[in-house]
Amino acid sequence: MDIFLQQILNGLVVGSIYALIALGYTMVYGIMGLINFAHGEVVMFGAMVTITVISALVGAGVSLPGPLLVIIGLLIAIPACMLIGFTIERIAYRPLRGAPRLAPLITAIGLSISLQQVAILIWGRNYIPFPPILNHDVITFLGASITKLQIVIIALCLLIMVGLLTMVEKTKLGRAMRATSQNPAVAGLMGVNVNSIISATFVIGSGLGAVAGVMVATNYDQAHYYMGYMIGMKAFTAAVLGGIGNLGGAVCGGILLGIIESLGAGYIGDLTGGFLGSNYQDVFAFVVLILVLIFRPSGLLGEKLADRA
Amino acid sequence: MTNSTLRGKLGIYLVSAFLLAAQPFLVGGFLGNSWVRIIDFALLYIMLALGLNIVVGFAGLLDMGYIAFYAVGAYTYGLLSSPQFGLHLPFYITIPLGAVCAACFGLLLGTPVLRLKGDYLAIVTLGFGEIIRIFMNNLNQPVNITNGPQGVNLIDPIHLGGLTLGKTMEIGSLSLPVVYLHYYLFLALSVLVVILATRLQRSRIGRAWVALREDDIAAAAMGINIRNIKLLAFALGALSGGIAGGLFASFQGFISPESFGLMESIMILAMVVLGGMGHIPGVVLGAVVLTIAPEILRDTIGPMQMSTFGRMIVDPENARQLLFGLALVVMMLVRPAGMWPSKRRALEFSDAKAKARAQKG
Amino acid sequence: MAEVLLKIEGINKRFGGLQALSGVNLEIPKGAIYGLIGPNGAGKTTLFNVLTGLYMPDEGSFTFDGHDLFRAKPHKVVAAGIARTFQNIRLFSEMTALENVMVGRHIKSRAGALGAVLRDPRTRAEEAAIREKAWELLEYVGITDVADDLARNLSYGHQRRLEIARALATEPKLLALDEPAAGMNPRETDDLKHLMSKIRDGGVTILLIEHDVKLVMGLCDRIAVLDYGKRIAEGVPETVRKDPKVIEAYLGVAHE
C-alpha cells in the first residue's frame, strides 16, 4: 500500500509539470489548430537558462537563499523563452498559414532540431547538474515520502494553472483568445487583432514552458539538450488525453498521465511476471496516446474533434 | 515520337547506364572508397524514401515512425544470420522474411490509426516508432533477444555458395572491393524499386491512393474501400523499408537501436518532402542530396574553420545538424513543394501561396 | 407503378439532441427521376449521407435492388449500384478530369498491387478499358475538351458535369445528385436538365435533391418533400404542388 501511495505522489509531481507544459500545446492548438512540435525545446531552454544564471551567480560568490536564486534565474529564463516562442511562431507558423498542413509541421521539426543544436553549442552534450542550492528535505507521510521541493512544485503548478484559467475567463485578452479560437475570421472582423493574439498565445505558453523546465530540472537535479523531446511528447499526450484545445483538460490529462506512468512503472514488473521492468516507463505515455486517439480521440473533457484532426 | 528523338533518348539512357556502371570506379578512383560507401548508403536511402513516399506522397498519410520498419527488417536479418542465436540462415530467407515481418508491422500500425489524419497520425506513428526502439533497447533481459543497446554483431554478409559480398571479389584482373559489390546490388534493387513505384503510381491502385489523399470522402463515394487502400499503402511502404533494413544489416555487419531513432525517421521524411512529395524523381533526388550533402559538410566544415579561424569553433557534427534543421525551415518557406516537385504540385503550392497573399492583402 | 428500386422505411438519425431525420419512408421506382425537396435544413443532405453510407442511421431499413444496405459502408453502397455527387463539389482537385473519371472505374476493375507492378496483359487491357470508358463518359457529359485539365481549373459548370461523369463511371442503377443546379445560370441549368433526361433514358434512375422547385416540378416523375426531418408529402408533381402542408412549409406560414 505504501508503494501505491508513493507512486501516486511521484505521479502527482511529474503530472503537474506535464500539465503545465500541456497547457502550452493546448493553447496553441485551440487557437491555430496546430501542434507546436518545438514546444519541448522551449521547456529545455527554460531549464538551461535558469541553471546557467544560478551557476553564474553562485560562481560570482553571490550568497542568497536558494529559492531566491531560482526566482532570479526564472526572471531571466521566462522572457528568454517567451522570445523563443514568439520567434518560433514568426518563423515557422505565420508565413505558412493557409499552406498545406505538412509545411508547418516540417518547419517546426526543423526549428526543434536547430534549437537542440544551439543548446549543444552553448551547453555541450553532457548533462548539466542543477546547482545544489535547494533543500531536498524529505517529509514522510503514511509511509510514503515526498520532498518539500516537490510540494512546492505541485502547489506552484496549481497556482499558475488557476491563474491562467482565470485570465482566459475574465480578462479582455482571454476573451479575445477564446473568440479567436472559435473563429479567427469573425474575431478579426470584431476588431480582435488576430496576429497579436496568436503571438500572445505563443508567448504565454512559452512562459509556462520555462517554469515547467525549471521544475523538471530541480526535480531530477539536471538538464540536458535532449530533455525537451521526451517531456514534450508526454505533455502532448497529456493534452490529448484531456482533450486537446481544452485548458482544464490539459491539467487533468497531465496529472492523470503522471499517475498512470508512475503506477505503471511501479507495477509493470509484477504485471508481466518480471518480463518487463521499469525501464519501459516511457512506453506508457505512447501507449496511452495511441489508445486515447483510437478510442476517444476527443479526450476526456474534449468536445467534438475538428474535422482536420 | 520521331526517329531522331528516339535515338537521342536511347543515347541518354546508354550514357547514364554507362556512368552508373562506372560510378564506383570513378568515385573510388578520385575520392576514395569511403565515398563509394556513402553512395551505397544513398542507394539504401532511395529505397527507404520511395517506400515512405508510397505512404506519405501517394496516399497522403503522414508517417513519422517509418524507421521502425527498417529496424524490423534489419533485426530480422541480424538475429537470424549472426552468432546471436547461432543461426546463419541464408539471405534469400532472411530478407524476404524481414520484408514480410515489416509489412505485418505496417498492418499492425495501420489498423488502429485508420481514423486518424494529419498531425495526429504523425504523432501516433512517431510514438509507434519509439515503442519499437524502446523494445529493441530493452529486450536483452530477462531473455536476451536483441542484445539491448549493444546491438547485434558479426552479421553475415550476403553470400550464395562460394560467392560472397563480404570480401573483395577478383574477376580476372579486375578487383571489386566490398563497397563496389554492394553498390551494384543496391543499384539494381533501387532501379527495381523505382520501376515498381512508378508502375504502382500509374495504376488503379495509385489512382485510388491519390484520390484518398485528395478527398477521402469522395474516394469512399467512388467505391474505394478506404480501409484496405490505406492498409495496402502502409504494408507496401513497410515492405520496402523491411527489405532496405535487411540489406543495411548485411552491409554494415552490425546493428543497434541507435541506428533507428527518431532523427532517422525525420531524415527519411525530409528526403520525401524536400525532394518533392509524390514525385519519384524528386524523392530520389532528395535521398541522394540528403545523404551526400551532410558528408560533404562533414569533410568541409572542419577544415574551413581551421583555415579561417585557425581553430575549431563549432563541432562539425553540431554544425551539420544545425544546418539540417535550418535547411528544413528555409526549404519549407522558400520551396514548400520541394526541390523537384511534379508540375502539378508546384502549381498547387504556388496557388496556395497566392491565395494566402490575397487574404493578407 | 413500376418496380421499386430503392425502399427506405422508418429511417431515424439523431445528432446529439437534434432529430435530423424521423421515420422517413421513401420508395423510388425504377427508371424515374425522383425529386427530394424541402426548405433549408429539412434533412435532405442528411438523408443523402445516410443513403450513401457516410452517416450511420439509428433505426430503419434500407433495401436497394434486393440488397440490404442498412448501415452499409460507402464502398458497399457504391458496389450495390448507388452513386452520388456532392452539394459542394468534391472532385480530386489535383487529378485531371479524365483521371477523376478513371477513379470512378475503381469498383468496376480489379487489378491489385501485383497486377500494377507486373503489368501483365490482363492488367494492361483493363487499364486501357478504364481509360476508354472514362473518355466515353467525358464525351457523354460533353467535356472532352478539358479532359487533360486539372479538375480544380475547370469552370463551375464543367466541374458539376465532371462529378456526374465520375459517378456514372461506377455504372450505378441509381444516381443521386445533391443540388446539381446550385449556382448555375439558366442556360447551364437547361443543359443539365437535358443531361439528366438523357441519363434517365439510358436506364439510370435519378434521385435529385434540388432547391429550384421549378426545375424539380418540370423534370421529376415523383417528388417527396421533407421538412424538419419528416416526410410531409409524396406524389406526382401536380399533387405535391397543391398540398397545403408543402405550401405552408415553403411559405413558412404558421410555423412555430
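The letters A, B and C name the chains in turn, as written, and every chain counts its residues from 1.
Just so we're on the same page, contacts are C-beta pairs under 8 Å (C-beta built on N, C-alpha and C of every residue); 3 or more make two chains touch, one makes a residue touch a chain.
Quick caveat, the model's predicted, so the values are computed rather than measured.
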Category of the chain touch graph - line, ring, star, complete, other: line
Two chains sharing the most C-beta contacts: A-B
Centroid distance [mean C-alpha coordinates] between chain C and chain A, Å: 49
Distance from the mean Cα position of chain C to that of chain B, given in whole angstrom: 43
Separation of chain A from chain B, taking each centre as the mean of its C-alpha atoms, in whole Å: 33
Sites on chain B at which at least two other chains make contact: 348
Contact set on chain C toward chain B in their complex: 52-54, 73-75, 78-79, 83-84, 86, 90-95, 99, 102-107, 109, 111-113, 115-117, 119, 123, 126-127, 130, 150, 166, 169-170
Residues of chain A defined as touching chain B within the complex: 34-35, 91-92, 95-107, 109-118, 120-121, 229, 233, 236, 240, 274-277, 279-280, 282-283, 285-287, 289-290, 293-294, 297, 308-309
Contacting residues of chain B [partner chain C, same complex]: 196, 199-200, 203-208, 210-211, 214-215, 217-226, 232, 236, 344-345, 347-348
Touch list for chain B against partner chain A, complex: 62, 112-113, 115-120, 122-124, 126-128, 130-131, 134-135, 138, 141-142, 262-263, 266, 269-270, 273, 277, 314-315, 318-319, 321-322, 324-329, 331-333, 336, 348-349, 352-353, 355-356, 359
